[in-house]
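Pasting the structures in now, so scroll down.
Consider the two complexes below, in which chain A is the common component and chain B and chain C are the respective partners.
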Partner chain A sequence: MNVVVCLKQVVDPELPAKDFAMDPGTQRQVREGRPLVISTYDENALEVALQLKDASGAGVKVLTLGAQAAVGDAIRLALAMGADEAVVVDDALAPERAGAEKARMLAAAIRRMGSVDLILTGCESADWVERVVAPLLAEDLGVACVTFVSRIESRDGAPVVRRMVEDGHHLVEVRLPAVLSITSDESNRPRLPKVKDIMAAKRKPVQTWAPADLVLTATSDPASGVEVRQVVVPERTSRCEFLTGEPPELVEALVQRLRDQKLL
Partner chain B sequence: MPDILVVATAPLGTLSRSSLELVAGAHAIRGPLGLGVTGLLLGTGPGLATAPQALHEHGVARVLRVDHPLLTVGESDAYLRALEQVARRENPEIILVSADTMGRDLAVRLAWRLGAALVTECSDLASADGAVVASRQVYGGRAVATLAVTRRPAVLSLKPRSLDAPAPDPVAGSVEDLSVELQQGELSSRVREVLREQSDVGLEDAQVVIGGGRGMGGPEGFAQLGELASVLGGAVGASRPPADSGWVPLTWQVGQTGKTIRPALYMAVGISGATQHVAGVSGSRLIVAINRDAEAPIFSVAHLGIVADYKEIVPALVAKIREMRGQ
Partner chain C sequence: MSVLPSDEHRMIQSTVREFATRELLPIAADLDQNCRFPREALTRAADLGLMGMTVPEEYGGAGMDMMAYVLAQEELARACAGFQAIVGVNNSLVCEPILRWGSEEQKRRYLPDLAAGRRLGCYCLTEPTSGSDAMSLRTSAVHRDGQWHLSGTKIFVTSGAEADLCLVYARSEREPGARGISAFLVEKSFPGISVGKAEKKLGIRCTSTTEIVLDDCRVPEENLLGERGQGGRIALATLDGGRISVAAQAVGIARACLEEAAAYAQQRQQFGRPIGEFQAVRWTLADAATRLEAARLLTHRAADLRQRGLPCAREAAMAKVFASETAMWTAHKAVQIFGGYGYTQDYPLERYFRDAKITEIYEGTSEIQRLVIARNLLARS
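And now, the complex of A and B:
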């Protein structure tokens, strides 16, 4: 079984508000001087892939589209966690590209890898949160798609994926090859590499491809005709009224407020 | 008249609230764009009989209906194929789909198949100079992006509970039954088992939600929140850490990745107020925060704040409400 995990590098999404700034030129977040990390759910996706490797010897490749000069840390971490090899599509424009443009390039890169059974992505990218890459990869590659999957399980010997829905989960049987987008749960918390894994990762193969090496599917791009007009950071002015006193008074005051608001 | 096609469902036997939100979105843009609105109901079962009436009651006169036994809950592939067939016949200018767990993939895959422009996870729709202008939250709720869609056809998905349901606006209407070609064998995925984890009160539609965070310390803390929710007739929600740690079901998560809610009362207990959490609750009418750290960012979005250990507040609050009611 060959598994590809798509990893995106983003500015750490949990940085304090003071470190967040917009670049008016690109209409994207300022990256300079900010720590870059693997997009949150992509690490869960990698963990799911590594569990398949542990259980049944699946081969795990990671794929990222980004500037070669910037993605080093992300790739090293992924290889240290246990991925076998990495492919970087060296594209400095990646942070400004719409999800649909990137999906086409990623699909072309996956086709170039040869036979692949499972393609895993994060359920959403931590910064732009489009949730488009997984379903677009599936369309472009002509394969099945299930999103917001937390686990790959088996039922009566057949593999099923556990998909999160509004009121619970569905166990879904899916034909391979397939694209799955992965969401976090307690079963796929990303592993921490050990020192020896970090050392071993240095010897693992990393290929770099140029965007020109990719053969894109000729379709009309869902991102064309869509233009980012502005990105606004709303002012937040605190309006909080603090209740004061000892716990019994606090409870009393809260009950009074809830009554005033007809909530009790 | 060229049309906005609203893709509606009725999985629980009545027109879904998310479908009504799409109608609200369509009403917001149809006038300025000079478009009509057609409702498309997809599914199977009793809900499909009554749902057209609910659309007529909200200003949608023309309703198309596809009732097919393969259109059962969660069967994304079947829905996609049905939707694609109808869209090719109808040639709508704009297609609105709910970005719920099934719709969010449908929207994307449909756009690819139709060669349409696509904007996903919209929180608001407007128009300017003949273009649809969609807003969406980015950067974990820190910013709002506005995107103009200048190409047709366009598919837009609307994040559930971002818009209010439209006010009633009854019109005389018609229902057209359409048939589609669907075969089990051509579907690449199939729902084998449905596992429900819903509590009595659905989180997305509860008027009162009590949210717990990492500060609850474990599942026991959530039992206290459950009692509070039950005396208030509400539901319990959670931030990501409790959902990720298995203290509560994943479906209780509220925020960017979790659900968006807009209850009359949201109480955030032991939640620091990260932007990704606030993104899902900022539409609540009254936000009360209980946190022992006076500097926690949740207090900058709350209306009422209590700086205390929740253990000193929550059980006492439950007891007080019970006492008031003579229970």
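And now, the complex of A and C:
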């Protein structure tokens, strides 16, 4: 089985708030001088793929869009964790592209790879949280898509995936090839690379493709009608309200307040 | 010499930092308070390749260089200095000398197990009457009936209770001093070796520190490490590496103190403002950061020399004395910045303070490091 994991590099979500900044020109987060890491759920997706490799010897390839110099750390880490090879689409504009546009580029890159059975992405990126890449990627490739998958199991040799829903999970039988967006779960906590695999990662193959190498599917609007007008950092305010009365009424009033705030 | 770590070094550093943050930080206070040996965490450290970092891959190690090693030790010590002590002893005081002086057979027999965490090593040099004057040791080794008979008591043995393999120094020749000493690889299963008294300690309390009692302990001939009478040299050269390891440990403790103190100084309000706005606190933090950086650079410099196979006794001693005194100084200042809270077990500062002290003592006290540096200096001039 050939598995491709799409990795996005984002500004470390654990960055102290004081180092967070938006570029008013591009309406994008300032990346320069900030540590870049693999987007949180993408690491879970990689872990799911590596478990398939451990269990059944699946081949695991990672795919990323971005300026080659900027994605080096993500690729190195993925290879050290156990991915077999990597493809970088050397695209300096990647951080500024909308999700739909990225999905088209990823789809084109995956077509170029040839035979692929399973494509895994994080269920959302840690910066934009659009959740559009996996479904649009599947649409572009004309394959099945299951979102918010936590595990891949097998029943009578056919893959069955566990899709997390609000009150539990669904088991979904999937026809391959398919795109799965992966959410986190205790079973897919990303592994740490072994020290010797960090050195071995240097010897694994990394291919670099130019965006011009990709054959995109035709569409009338490359940005799919998405335009970012303004991004604002929400202002945090706090308000304190005292309720008065006897305990039974107090409880009722408190519950009502919590319901009004949609906290209950 | 480059002072910037390579991409691989940075990744090893971030991997070990992640491991230490996930696996050690949450348990460090409990390990300390209950003197609990961190067996599960050691197993996971071994899985990552941290128990035989500089052992080549052909002997089951991770095949790393000294720079990777010291970066990893700093990260471990920042979370739990006791845990680092166990890992550091296994790597620098047991794997290293086997790698340097061991026969091919000894390397194949012991290194894969030590690197994989299947065996743990300990270092038996100090005796009740020979501490700083280590070369005056009195444990005897007598060659009889085709095997060695060891008798004597070793003290202050880190991991003495749990270790499976003991590197024991004993006097095998009539000559006094270093030239009369030989080194032996003694398995705990050999007849005549036992664990004696366990010390109750000020710091690094998750490690065991015990006596190792040798009562006519029978050691096969093939377990002599190096040649007869070479033990003193092995002990001293091994300690150069051990001192770099302790320097990295001290850097880790100093960094933990500084990180905690800097965070607290920004958050603790007195007189209507964060205490980090007062010059007394700012200057203390600035001095701590400067000393930390200097200690780290000395440690990296010594590690680099050792990696290149160049003499490093002087640099290792400098790194060790400066880093350990930096750890103690920074712990002292950090407790002061925390005030009363720093004195309680609700914060980790008092643990750092207690842990820091050992770095000025073991593997050669600060006084011995200065002796090594001065001897080196005056011999050259």
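We take it that the second predicted complex is superposed on the first by the 227 of 264 C-alpha atoms of A that agree within 3 Å, B and C clash if a C-alpha of one lies under 4 Å from a C-alpha of the other, contacts with A are read in each partner's own complex, and residues count from 1 in each chain.
FYI, contacts are C-beta pairs under 8 Å (C-beta built on N, C-alpha and C of every residue); 3 or more make two chains touch, one makes a residue touch a chain.
Keep in mind that this is a model prediction, so the values were computed, not measured.
Touched residues of chain A were counted for both chain B and chain C, and B has more of them.
By the document's definition of touching, of the two partners only chain C reaches A:77; chain B does not.
In the superposed model, A:194 lies in contact with chain C only, and not with chain B.
When the two complexes are overlaid on their common chain A, residue A:226 makes contact with chain B while staying clear of chain C. In the superposed model, A:171 makes contact with chain B only, not with chain C.
Of the two partner chains placed by the overlay, only chain B lies in contact with A:124; chain C stays clear of it.
Once the two complexes are overlaid on the shared chain, A:57 sits clear of chain B and of chain C alike. Common to the chain B-facing and chain C-facing surfaces of chain A is no residue whatsoever.
Within the complex formed with chain C, the residues of chain A that make contact are 72-73, 76-77, 80, 192-196, 198-199, 202.
Across the complex, chain C meets chain A through its residues 7-8, 10-12, 15, 18-19, 47-50, 53, 57, 61-64, 68, 72.
Within the complex, the chain A residues that touch chain B are 13-14, 17, 20, 22, 27, 29, 41, 100, 123-124, 126-132, 134-136, 138-140, 143-148, 150, 155, 160, 163-175, 178, 183-186, 189, 219-220, 222-234, 236, 238-243, 247-248, 250-252, 254-255, 257-258, 261, 263-264. By the touch rule above, chain B contacts chain A in their complex via residues 74, 76-77, 99-102, 104-105, 108-109, 111-113, 115-121, 133, 136-140, 142-151, 154-155, 188-198, 202, 204, 208, 232, 240, 243-246, 249-251, 256-257, 259, 264-265, 274-276, 286, 288-289, 294, 297, 299-308, 312-313, 316-317, 320-321, 324.
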